[in-house]
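Inspection log for the structure reproduced underneath, given as structure tokens.
Read from first to last, the chains carry the letters A, B, C and D; within each, the first residue is number 1.
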Amino acid sequence: MTTGPGSEGLPASGRFREECGIVGIWDHPEAARLAYLGLYALQHRGQEAAGIVSARPDRGGLVAQVGVGHVADVFDRERLDALPGRAAVGHTRYSTAGESGRRNIQPIRIECKFGHIAVCHNGNLVNAHILRHELVDRGSIFRTTSDTEVLVHLFAKSGQTDELEAVAEAVRQAQGAFSLLFLTEDALYAVRDPRGFRPLLLGRVGDGYVVCSETCALDLVDGTYVREIAPGELLRIDRDGVRSIQVFEEAPVSQCIFEHVYFSRPDSRVFGRHVYRTRIRLGRALAQHTGIDADVVVPVPDSGLIAALGYHQESGIPLELGLIRNHYVGRTFIEPRQSIRNFGVRVKLNPVPSILRGRRVILIDDSIVRGTTSRKLVQLARNAGAAEVHFRVSSPPTTGPCYYGIDTPLRSELIASSQSVEDIRAYIGADSLAYLPLEALMDSVGEEQDRYCAACFSGNYPLAVPEAETARTLFAKDRR
Amino acid sequence: MTTGPGSEGLPASGRFREECGIVGIWDHPEAARLAYLGLYALQHRGQEAAGIVSARPDRGGLVAQVGVGHVADVFDRERLDALPGRAAVGHTRYSTAGESGRRNIQPIRIECKFGHIAVCHNGNLVNAHILRHELVDRGSIFRTTSDTEVLVHLFAKSGQTDELEAVAEAVRQAQGAFSLLFLTEDALYAVRDPRGFRPLLLGRVGDGYVVCSETCALDLVDGTYVREIAPGELLRIDRDGVRSIQVFEEAPVSQCIFEHVYFSRPDSRVFGRHVYRTRIRLGRALAQHTGIDADVVVPVPDSGLIAALGYHQESGIPLELGLIRNHYVGRTFIEPRQSIRNFGVRVKLNPVPSILRGRRVILIDDSIVRGTTSRKLVQLARNAGAAEVHFRVSSPPTTGPCYYGIDTPLRSELIASSQSVEDIRAYIGADSLAYLPLEALMDSVGEEQDRYCAACFSGNYPLAVPEAETARTLFAKDRR
Amino acid sequence: MTTGPGSEGLPASGRFREECGIVGIWDHPEAARLAYLGLYALQHRGQEAAGIVSARPDRGGLVAQVGVGHVADVFDRERLDALPGRAAVGHTRYSTAGESGRRNIQPIRIECKFGHIAVCHNGNLVNAHILRHELVDRGSIFRTTSDTEVLVHLFAKSGQTDELEAVAEAVRQAQGAFSLLFLTEDALYAVRDPRGFRPLLLGRVGDGYVVCSETCALDLVDGTYVREIAPGELLRIDRDGVRSIQVFEEAPVSQCIFEHVYFSRPDSRVFGRHVYRTRIRLGRALAQHTGIDADVVVPVPDSGLIAALGYHQESGIPLELGLIRNHYVGRTFIEPRQSIRNFGVRVKLNPVPSILRGRRVILIDDSIVRGTTSRKLVQLARNAGAAEVHFRVSSPPTTGPCYYGIDTPLRSELIASSQSVEDIRAYIGADSLAYLPLEALMDSVGEEQDRYCAACFSGNYPLAVPEAETARTLFAKDRR
Amino acid sequence: MTTGPGSEGLPASGRFREECGIVGIWDHPEAARLAYLGLYALQHRGQEAAGIVSARPDRGGLVAQVGVGHVADVFDRERLDALPGRAAVGHTRYSTAGESGRRNIQPIRIECKFGHIAVCHNGNLVNAHILRHELVDRGSIFRTTSDTEVLVHLFAKSGQTDELEAVAEAVRQAQGAFSLLFLTEDALYAVRDPRGFRPLLLGRVGDGYVVCSETCALDLVDGTYVREIAPGELLRIDRDGVRSIQVFEEAPVSQCIFEHVYFSRPDSRVFGRHVYRTRIRLGRALAQHTGIDADVVVPVPDSGLIAALGYHQESGIPLELGLIRNHYVGRTFIEPRQSIRNFGVRVKLNPVPSILRGRRVILIDDSIVRGTTSRKLVQLARNAGAAEVHFRVSSPPTTGPCYYGIDTPLRSELIASSQSVEDIRAYIGADSLAYLPLEALMDSVGEEQDRYCAACFSGNYPLAVPEAETARTLFAKDRR
């Protein structure tokens, strides 16, 4: 059973794009191979590029291997063998199009007064633009358009002489969402921003340590879970073990609720919670709040699968897999010139007419972004003979973009930013449409719900983003 | 939701390998592109190589594009544009390893006294060895090791002067399982062996025709279903339309039951039956015949998914997706030297501990081949904390290989060929193991059950295969 | 110093295309590697595709590795390691464009009643068309458009039971130019047509044997020269050594004079003569017959280089390398849209103005085919300031195509087929133009001159080619 | 005729490695394509990597395309089309092995307070190490190991507000050998160090400008020569035309004599002199100073070709091309396990026995580095039957490495650094060995001889290099 992001292969029109996955290994004889496996398990967090940097044991320095594509394509035995040492960090990401893509691949590896250092970053700084301008004015040069390079400069320019202090000074200047790994020749640093937007956790493997975004990375390397890295915590892992430092003033916690709704793998724990269970709860709550009489519950694979199972469990309406996903979706796909109706969706999904024909169908998905894909799904179901199509969404309407590390479309592209639920229903052509209420979503994460950010649903942004919208366009000229 | 063959990517140890998918298009302005889409939809029938031959309209002759890999990788816009004309045939297949692989890619295209011809073949001749020896003695030369080349020689050597008669004469000499397409400059021929082992159906697209293995290929090109091509039927499709000829003496029909158990896509119809519905029935029957008290039904993704849903529907035991599949499985995968327990399975599947822990689990799969994968799955579930693991199989024990077009392991590798159910249970480490009884399997296809071959389960081979076991080794020296 | 064909890289407009190089190794522990080196040394005879077949020692059968491109690109260590055994044959060739290219790569390897056999062919049959039609009528199938496949069929269809007799019977039916290698599991056969159009020689390496087109292949593998294989001779090399048979009725010998003029490498011996020495003689004779007062002799690199040296030696006029060749010419080359004068030639050659300016220049090349390149060369020299440009050609006017194994342009494309020397001079824009007289060319090969074919210069075709012009177009529809 | 660096393909053991070629285009509608052609013509200056950056006209910013390999392989139509704009700079270079290779590819493109800038560099700073340390201490970060990045930092950190002033300030801090191009959105800068070690010249193409290393780049784009850029001169080319500034204090000029001996293409002018003519003079002088009675003068292709022609002209001893170069040398070449004598050289060169046998041979090359190749050449000639082999070198013994932009072996690897001429003669096995005297070399460049650096021959280094030997090893740990 596969769940998690459904956008492998074809351009994910109408989907959120992914963010990033990071992994660090400390003190293991096959550090780079474990980082590789960890990235592989985190592949759903970014399928466009991957990189690993390892610390060379005897000769000093850091070695990098990076490339465009899936983790399993970027790395082969030879490239992994070229990454010696007992420590490594890895990164998997989505790619901006064009020639800047290769330059932006992480980890970023540089040399500065503290020696060689490699940095991996999951998140988005809200003051990157300001920091960048200040740095440039002081003579810094930038080779990429990423926020991460800003952090690297802050570290290199630090007035501190102690490496740990310099890391602390650098991250203290950053505002926004960040889970970060720094690898030097002597230590692995891991840090989460004070609000803890993005996940990061600590585990053990053999006698060494793992730091990674989700527990699924830990599972694949046969590691054991230790604990979440706390919001605002900075860890230094070196030959003397793990040291924890609080480098930020305390702040309210704002963990990303969307990790539970869509991003994380269902077999993972994030922010200490089981994703699978949370999604079942979302589906059950959806049945409670938006219940309707129907013949069959059909998930949109794979994003709506577990919520649909919860809906079925709560409602008692039979679950059927009425939309079948094609596993072999390639990166590009050639359509006939004389185009085929709903081609983009058909290439990925095929309805099972014997299930849908004459039935009142409840289609379940995790969210609606632009509405275009949902519209095609409703048409597919109707063409397959569905008597009624009721669309249910296991989260509230997505009314605003994310400024904290998720690459969402512009606000104007989010259908729920400007359209009423009834308008959206009419657009996608469903007989009815209902979303999970916000309170029900927050209930799904239990008592800790005030530790979550749901700004994309509520508009209640926990961190001011005065320049966020424009920051993106500063280097837009550098993108093709 | 994806179902069908689960062996994309990693070597499918313990799995049946796939057979082939074929598609023919007649009289459509974008014949090659439709063939490409058809192959894409049939990708689950063979992921290792693909080819398309089109008939060049004005200049005569046939044009070929073939390659190793997935359909979406073999063909790009340029290669499709190099396939002009209003008629095309395509083939997707598994590949034998090594250098003979490329030569064996279909369609086979040759020139003979009837002009240019291309042939696609799904199946296995039981008298290929004899025919080949006769042909070689008479001075024929062979460039491949495939049965298909035998058919091509029979056609070229025919004493007939009429093309249709020559096709009929050629196929009449063949014994065994074959669904075949012949494309010449003037016509498309489609033929099924008299027992109809392998599927083949006729559809329409625009003003033209489609012939393909499963309806899912028809769906993707927005075609409409016309009818199955009957066992023993030869169709000639040309500018005058479709002509049907019975070229064989009537014989009992022996359609492959395993298409319903595993091969075909659940959204397809094969042999005129809905695969999805049949699999639900298999799951329900499995619950009726092998029911046991447990807390949760968990499918082995994706092969056991729909049967598990049926089991759940019949038993009322909750369905949970306790094994999560990794979508991004690459072709090769590098394991650490210090190897990880059950690595091969873990790379593909990850258990959801919050679902399995402390539960009595019913694991459902479609079949057990060697038993090695099933054993690892049971271990994964136990390691994730399952209190009990009951393995249920939605078909009977696989006791014999297939000689009719499915590339099964040798009999000695089939665990059920020599081990009792209790022995197998002990080997895979389950608390209990049960298979679907043969009668229940046959019931699942209803009144037509006497038109099916279940030899791999029953040992009751409908067609003598005196030389089948040895035929394979004749050219084994040509395989690396 | 490089000489020989100058057409590496850019399309050799105005140049003859190459023919083929073949090599056979018998009884050497690294047979495939020696074949590879031999092909590498023969690369100038065909740069578009290469293949090697080796005989597998213990397991029987023949193994092939073939590919499109230069020898050094087609083969890597892995592919060579996949070619075990103590015997091998290899082939390098020019490629016809398009999709038929891959199929036509040699060696052709098939299975027939004599077992596995691989065939390499240098030459062109004049009765291929007739033989092919007869074979097709009798039920043979053809997968390629090459003459070689005809020979393979003749061998497979032979009524003989002895392998050697079958080879003899097959080649006896062929008419035209052919130097052939047959490799079976037990023997290596080498044969030259009775007129001996194309070269083939025998050498030793270690305890084993080498058969190859030119001695340069022998030199690279550190082999020793034994003798030419005689026109009409068939050799069988097996564990009992070398057996020689005359299988043809005696015929006048017609060795290709153009091997000396252009094709063969200057460091080779072909037909028992030193190429370098012959080319020096051509240059000297050119000075004697076409001498003119001038300041400097400048070769067209590399095809005119050695003849220019001979011209200089005879005339005493200083030699200067006034046209410099670019070594790094790629396969394709992107011209600006706003095109550059004489771009195609400039990318390959650059004049040295300090040599040419104000000088009376004698440009020397081996031949003029279409005249377009010569025209550009004259322009380049003039633009660089040459006071006079006298063009001298070290062979007679090329008035007719070759039907014996060289892929010449059509007769209508040969400028000398329809234009007088004066017309050609005017077209290329030279101050004077002169060719080497035919008698002087023939003198260059000494007493054996009646054993040479000079049909492309004389129009005196030694073998009737009733169907040669049309034979080429039979399968033209199969070429793009 | 090809001359210049002979090391295409196989590792140039015993050869100097190349340096770099640079080209800039200003105000031409196809700037990137002209830069590509220019790089192609300069391919002999660095065959391992190439890159082009163009200035995007309307949208601002700079666009880059870089890659590993020959220019013709790195760029295709698509990549050139992705480089819009009327200005571009390009770079071709040798590559250090391993993973740092890709990062070091030029042009370097960054963003700083002056906006986007791209830099190309030919040369070597002698104070790079010191500058780098200072920059790192002040918080700069380095992503590569190249001197060029130092220059970029100096520019970005400049206290100047005017871009031109900042360029001037940056280059004034640099000591050593550098010919540099800076491309910004508004201007193209070109600068030569005050001693003018490396060449750089100005030309026109259409209404625009070209700056490049040698005139051969100008020739290919059909440009016209304007003048050398003077040592110590900084040019700013912008919409107002060309402005020239002297930014350095006057210094003695030290142009690299080795450009004439070996590096530059013979059809080029460098430092205002014709390379071809200079090499002829070297050969003539070699005959005058080291003349010996012999039968034939044979060049080592292609490095000794023109000097050999000069030697022949002066001495009257016949020139023969007794060593034939193989044009199709691949990048890697697989030797048999049972290795072949002198394999490395044989793959590249083949002797012509009919020329060498029984003759007293004078072999001519431009230089001897390690002596290993020369030794093999002498053996080849002897094995081909030469009666005597006299080795003549058209430059003095190479006794010291270059610190000014040529990647020479370590001093200890230069055979002439520790061995007498007689010792070297004995090592290479020649009957006699003689070098061109230093004075004769300097005479070859005429009256301007005091404007040349011949430190690699004389040990007279014009610029102190206190740290040069160690600077190279600073980042050696970053090289594999």
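The definition used in the following text is that a residue touches a chain if its C-beta (ideal position, glycine included) is under 8 Å from a C-beta of that chain, and two chains touch if they have at least 3 such contacts.
In this text, all values refer to a predicted model and were calculated from it rather than measured experimentally.
**Student:** Just grab the chain with the largest centre-to-centre distance to chain A, centres being mean Cα coordinates.
**Tutor:** C
**Student:** Just curious, how far off is chain C from chain B if you go by their C-alpha centres, in Å?
**Tutor:** It comes to 48 Å between the two C-alpha centres.
**Student:** Distance between chain B and chain D based on Cα centroids, please, to the nearest Å.
**Tutor:** So the centroids are 60 Å from each other.
**Student:** Would you mind pulling out the distance in Å between where the CA atoms of chain C average out and where those of chain D do?
**Tutor:** About 37 Å separates the centre of chain C from that of chain D.
**Student:** Chain touch graph shape: choose line, ring, star, complete or other and state it.
**Tutor:** The chain contacts form a single closed ring, each chain touching exactly two others.
**Student:** Over in the complex, which chain C residues touch chain D? Could you list them?
**Tutor:** Going through chain C, the ones touching chain D are 1-4, 8, 29-30, 33-34, 36-37, 40-41, 43-44, 47, 70-73, 75-77, 80, 216, 219-222, 265-267, 274, 276-277, 299, 301-302, 305-306, 309, 313, 318-321, 323-338, 340-341, 346-347, 350-352, 354-355.
**Student:** Hey, which residues of chain D end up touching chain A in the complex?
**Tutor:** Against chain A, chain D makes touches at 56, 59-61, 63-65, 82, 98-99, 108-113, 116, 136-137, 139-143, 152-153, 156-158, 477-478, 480.
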